[in-house]
Amino acid sequence: MGFDPSERVVEIRARLEAFMDKHIFPREHEYEEFVTDQNNLWKTPPFVRDLRAKAREQGLWNLFLPEEYKPWSLGLTNVEIAHIFETMSRVTWAQTIFNCNAPDRGNMEVLAKYGSKEQQEKWLRPLLDGKIRSAYAMTEPQVASSDATNMELEIKRDGDEYVLNGRKWWTTGVVSPDCKIMLVMGKSNPENDRHTQHSTILVPTDTPGFKVERALKVFGGYHSPGGEGDSSFSDVRVPVENMIKGEGCGFEIAQGRLGPGRFQYAMTFVGLAQRCLELMCERATQRVAFGETLNAKTSVQHEIARSRCDIEQCRLLVLEAADKMDREGPNGAKEHISMVKIVGPRMAEKVASRAIQVFGGMGVSQDTLLPDVFNHARFCRIADGPDEVHMSQLGKLTIRRVLSELSNG
Amino acid sequence: MGFDPSERVVEIRARLEAFMDKHIFPREHEYEEFVTDQNNLWKTPPFVRDLRAKAREQGLWNLFLPEEYKPWSLGLTNVEIAHIFETMSRVTWAQTIFNCNAPDRGNMEVLAKYGSKEQQEKWLRPLLDGKIRSAYAMTEPQVASSDATNMELEIKRDGDEYVLNGRKWWTTGVVSPDCKIMLVMGKSNPENDRHTQHSTILVPTDTPGFKVERALKVFGGYHSPGGEGDSSFSDVRVPVENMIKGEGCGFEIAQGRLGPGRFQYAMTFVGLAQRCLELMCERATQRVAFGETLNAKTSVQHEIARSRCDIEQCRLLVLEAADKMDREGPNGAKEHISMVKIVGPRMAEKVASRAIQVFGGMGVSQDTLLPDVFNHARFCRIADGPDEVHMSQLGKLTIRRVLSELSNG
Amino acid sequence: MGFDPSERVVEIRARLEAFMDKHIFPREHEYEEFVTDQNNLWKTPPFVRDLRAKAREQGLWNLFLPEEYKPWSLGLTNVEIAHIFETMSRVTWAQTIFNCNAPDRGNMEVLAKYGSKEQQEKWLRPLLDGKIRSAYAMTEPQVASSDATNMELEIKRDGDEYVLNGRKWWTTGVVSPDCKIMLVMGKSNPENDRHTQHSTILVPTDTPGFKVERALKVFGGYHSPGGEGDSSFSDVRVPVENMIKGEGCGFEIAQGRLGPGRFQYAMTFVGLAQRCLELMCERATQRVAFGETLNAKTSVQHEIARSRCDIEQCRLLVLEAADKMDREGPNGAKEHISMVKIVGPRMAEKVASRAIQVFGGMGVSQDTLLPDVFNHARFCRIADGPDEVHMSQLGKLTIRRVLSELSNG
Amino acid sequence: MGFDPSERVVEIRARLEAFMDKHIFPREHEYEEFVTDQNNLWKTPPFVRDLRAKAREQGLWNLFLPEEYKPWSLGLTNVEIAHIFETMSRVTWAQTIFNCNAPDRGNMEVLAKYGSKEQQEKWLRPLLDGKIRSAYAMTEPQVASSDATNMELEIKRDGDEYVLNGRKWWTTGVVSPDCKIMLVMGKSNPENDRHTQHSTILVPTDTPGFKVERALKVFGGYHSPGGEGDSSFSDVRVPVENMIKGEGCGFEIAQGRLGPGRFQYAMTFVGLAQRCLELMCERATQRVAFGETLNAKTSVQHEIARSRCDIEQCRLLVLEAADKMDREGPNGAKEHISMVKIVGPRMAEKVASRAIQVFGGMGVSQDTLLPDVFNHARFCRIADGPDEVHMSQLGKLTIRRVLSELSNG
């Protein structure tokens, strides 16, 4: 009943928690120290490789692919995956250990769904094996990229090759030396109508003419080891076989990519916020100010209560979105996917912010994950399109639905 | 899967909607006009009696009692009842038509759960039949009544009678001439420990010594025909048989009364808010300002989107609370019941407020139900205890749960 | 220094406070009881006439007219008037006692500024003397009236008369039998450009063809004794002498009317909110819940602190707006007038809402002015144009100012 | 009238703006690049020294000291200083150029107010000359330091020396090699009553036994070149002459230090927020999304309007606080100082956040100062005591004031 975890999920989650307790939580601090040390820029902490190997051995690997992607997937439903993602997201970098991190998981999904056999063999296989990393290059600096039809990077056919020219930024992960392949969206067919002018094409990062011009900071920090790239494409040539699905399918692929990804993404915030809530509860119980522990203060009790209500509601919304996806597919889940995109980051930002206030100075320092969660959640109100764009879309869809129900009802 | 309505619910809801479309929506305005006309103070619009009779004939009656109260109940689960309440709550006074309104439904539940055979025969039966109305007298003006153990009205045994002295206010429904019986909470055993000092006793409204001193206004209006009473008890005598369950059980009964009631109450706000959202969508599509319909303005789209997200999350939370109640009983559902109490009214207040802004002047006038919803929701952030009390309690329960899970986990 | 009250203001305010302490505060409850009793609908409590006479005798009369309106005015600056309005606004109906209430004060200003000698003699004089009341009919139900150029009521010249046809609603005060004269805005010159198509014309309420069709409720209550009218104009004929200033000046007059009125209006909310804050502080000191007075709870302390900050900031903003008006006239004060319109009602709504939570049930009842303030402030987020319209305008003006300063700076 | 800038201010501000336009704005990016490059950790960009020299030559130096500190100060009033601080704060690091940055300015004030002739000669002079930097060590990790009476670092007299033992963190600036002197607060007289147990003593950073254990990050970044130190004191010995004012005066000094500092601090947020607003307006005018520039969208207009209202109100509040300080001294300004501490950071956080949404991805990158302002403002809701502590204090002071005024009024 409800969205209770299935037996399968209970079992996987137990193993996941054991793994995290043993291998991940104890290394939270070490990881943070490593990746924020500028001397390690774009390097992955050495223990990550070991942990990934261990996770794979234990079958805690590629858990993100829903059942339709068998044999590559474990055959879990989207609701099941959502539950697992909450658990996995309680540490900011744990998804990587289970090969479930963005943007790789979205890229693997694209390749599984739209890729040719050859593309799957050449790129999906090593991604699923965790041997390489990938990037998805969509956003461009000159245009409001929340409207995917705005993309201007040029993709021109020239014999057996496509030639790419243009600029992309906010390409997550591309700065890392482990990133070997990019899915690049660009305009290939300007003569077509608005939704079929674009294509998505595979571009190996070592292709001549491609250059990461600089790494973008996010709230002052590089997202090492992945990084956010600001890159140029100057006469970048790739064979025609690298085109995914076909010319003009870029917009369709961009849309399709956002399905399961969006609620996995939203569930990340539930996991992170739940962790913040736990830290806040512990701190409130220990810290004394003005003659009493913080948990005796009504203002602190209220902030904890608000956080509980916010998290619980968002969790249910994500589970419902996943359930819609399971039952009605991406189209039926469209409005719910907008909802979780809007609600998730904002919720985590608020919860982290409340926790910070309870912690005082320690709450903004490197001694907890709170500042990371706060800034990451804040960032995600921009990433994949600002809140406002999703709210406009959801507003319009809601009006349409309501009016149609009223006229039928 | 999820909290989807059962077949039973789908069927009942269809009949409910048909009934409402035919009999209730067309009379919304007439009802409002009647009850806010001071000449009709404390009178029920005549058509209400007819509609109640019709609803009863069609089996759309007493839908609020969960399965454990068979044979009185239809045997619905709490989740099923929650779904039905959303539908029923789209008009502010529709619950009355289906004999599902507060405070009668809570009082019936108390009598079904704790009442003696005789008490059930004498009072529950006519309530279930819709022949009389009832009240629950708990709140007192001198004390912060959100803590039920504060109640001071004195209940003293004198031979075969109990004698009551004290004052009660915010007794919903007691001003109506149809109100024949009260469940009164008072202090009978001051020598006991804090949670067993109080009793709940049945007091017919025509008992000598009881007097409604005045009706309280809520945001400037009388809640006619029910009304909120401010009453005195001066040597009010009732037979010992009127004691519910036994001396000292008052606090237990007060707690028990809040179970299903709380999420039915919260679902009321979901139904009302959904209605407001629908009105807002319609208006936004029709109204032109500064050269375009309101639905073309991003700020209006965003307000609709926010409302959609708020309503959907609250709906899920209430359904989950009901599900907890079905599976774990009132104790297991305790925290969820706090959550819906906190979230529901605040959510409806916000949604109604946004709808008002979209309507402009019409939105505060008698031409829509928006001002009623707004003020009712605002009132309910106080009724049954201010938000703050529930947040403090939920905060403490959350800390306890989190710390216990962390120490076990 | 700063916006400290001048000596004159200190003196007037002292007398005002003495008057209010003696005559107004003791009658708050009586007034409320009278005007909300449906049997008194549209009647003014008898003591109001006496108090107005007393106030006039003491020179506490027509304080709202800034110095430019000498000899009618006392010669106060707008900053001085703002200070006085705060004091006067601590009781919801006190402005009436001092003949400083809306809409009369705005109408008197229009007549003083734009009226002909004859118009002033015939209508301004009795208004200044408090012998009659007036109304300003602008808003229409069919159009978004926040854009004054939308007004559709037809004003057609026919010989020595103008003939009016159309509908107006939200005409404050028109339902009262004391209302003898209306300033009606309508479209007289459809052939002109957008800002000179309208005129404002004087229409006595007893003119044949004019009819108040119904009174509008505001959040469920009639604003008796003034009332909000929904009226029709059917071949209403008035002599050409009734035209104010001239054909096509309607928009100019509508704009001009909003100057001082707007910050007097905003200051009303400062006075009301300050009163709510005081009540909240008193209550918090007296009320015990869960073993301590409310003022010992950090959540209550914070709500009081937030209210203090909100009120103080709004007060300063209104004083600055008034100062701008004194020094730069309505055009220089334009943006500030938008700001106070946006900030004032929202601020008072929040403060009243916090006070309500501290009061519990009593806070929504007729025992305090809190529900009135809450609903009035909420209403005023719609009245004179919804917040959204003012925010759009202020947003655009701000962009213009910022870009121009940057290009000059 | 009002808080308009005096002629003196107009003149200084013109020179300040010219200096900033010429020397500071063009180097914003260069500065940022330098200080966030880990290779430059704790180094000051070389051009800073030159700019400071230039600023000093032009008399744009030590502008922060109010008139009472003549001859060291320029003799400006606090209101005048507030105006100048707004201008100066439009770039995050500009205060340093004018020797007006925290914590030096507060420390100089302490030395000017409480220091002995010798202390002033030895430490104040080089600080005023900009030759050294300083730190103020108050906060400790083990205790809630928002209550200064909690400080536990031990200061024990031993002959002609004091011996310090304990730990301090969040000591701003202490990590920089330029920091030569600390003002350390500790417990010297545990036998005294709560407010006279502490002392403030001067400790040169090269004193044996003192060690910066680590630098604290703030939202993931080091505040280089100043830095936030986490330090230990192990038998640190300083001569008795280093005691400021006398044993037991630590709490008084801590309080005194917060006077002018607090509204200079709050004005910083006004300057920063105004800058964010300007960027937001420019961006909104240039950026096209979904077929129109952002400034045509009502949601963007509203965010700009809200920001304008928030900034304007905060600015007035700070000016009023400064004016209170000028006229009534620190005690009279106490409540206003709490208010600006509460309002300032929260206001800037909101404005920066709105600007970020208008910028999209660029808004969180290193290409604007928005992320810095956002995180700095967020940090300052914790620094110098969390909002909650100040709200509790202001709440209590407000209750006291209101009740006293009511009983006198």
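Letters A, B, C and D mark the chains in the order given here, with residues in each chain numbered from 1 onward.
Heads up, the rule we're going with is that a residue touches a chain if its C-beta (ideal position, glycine included) is under 8 Å from a C-beta of that chain, and two chains touch if they have at least 3 such contacts.
All values reported here derive from a predicted model rather than from experimental measurement.
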Chain pair, A-C or A-B, that carries the greater number of C-beta contacts: A-B
Label of the chain whose CA centroid is most distant from the centroid of chain A: C
Centroid distance [mean C-alpha coordinates] between chain C and chain B, Å: 37
Separation of chain A from chain C, taking each centre as the mean of its C-alpha atoms, in whole Å: 52
Centre-of-Cα separation between chain B and chain A, whole angstrom: 42
Chain D residues counted as touching two or more neighbouring chains: 298-302, 388, 392
Residues of chain C touching chain D in the complex: 1-3, 17, 79, 277-278, 281-282, 284-285, 295, 298, 300-306, 308-309, 312-314, 316-317, 319-320, 323, 326-327, 335-336, 338-339, 342-343, 388, 390-396, 398-399, 402-403, 406, 409
Of chain A, residues touching chain D in the complex: 36-39, 139, 141, 143-147, 169-170, 216-221, 228, 287-290, 299, 353, 356-357, 360-366, 371-372, 374-375, 378-379, 381-383, 386-389, 392
Complex contacts: residues of chain B adjacent to chain D: 297-302
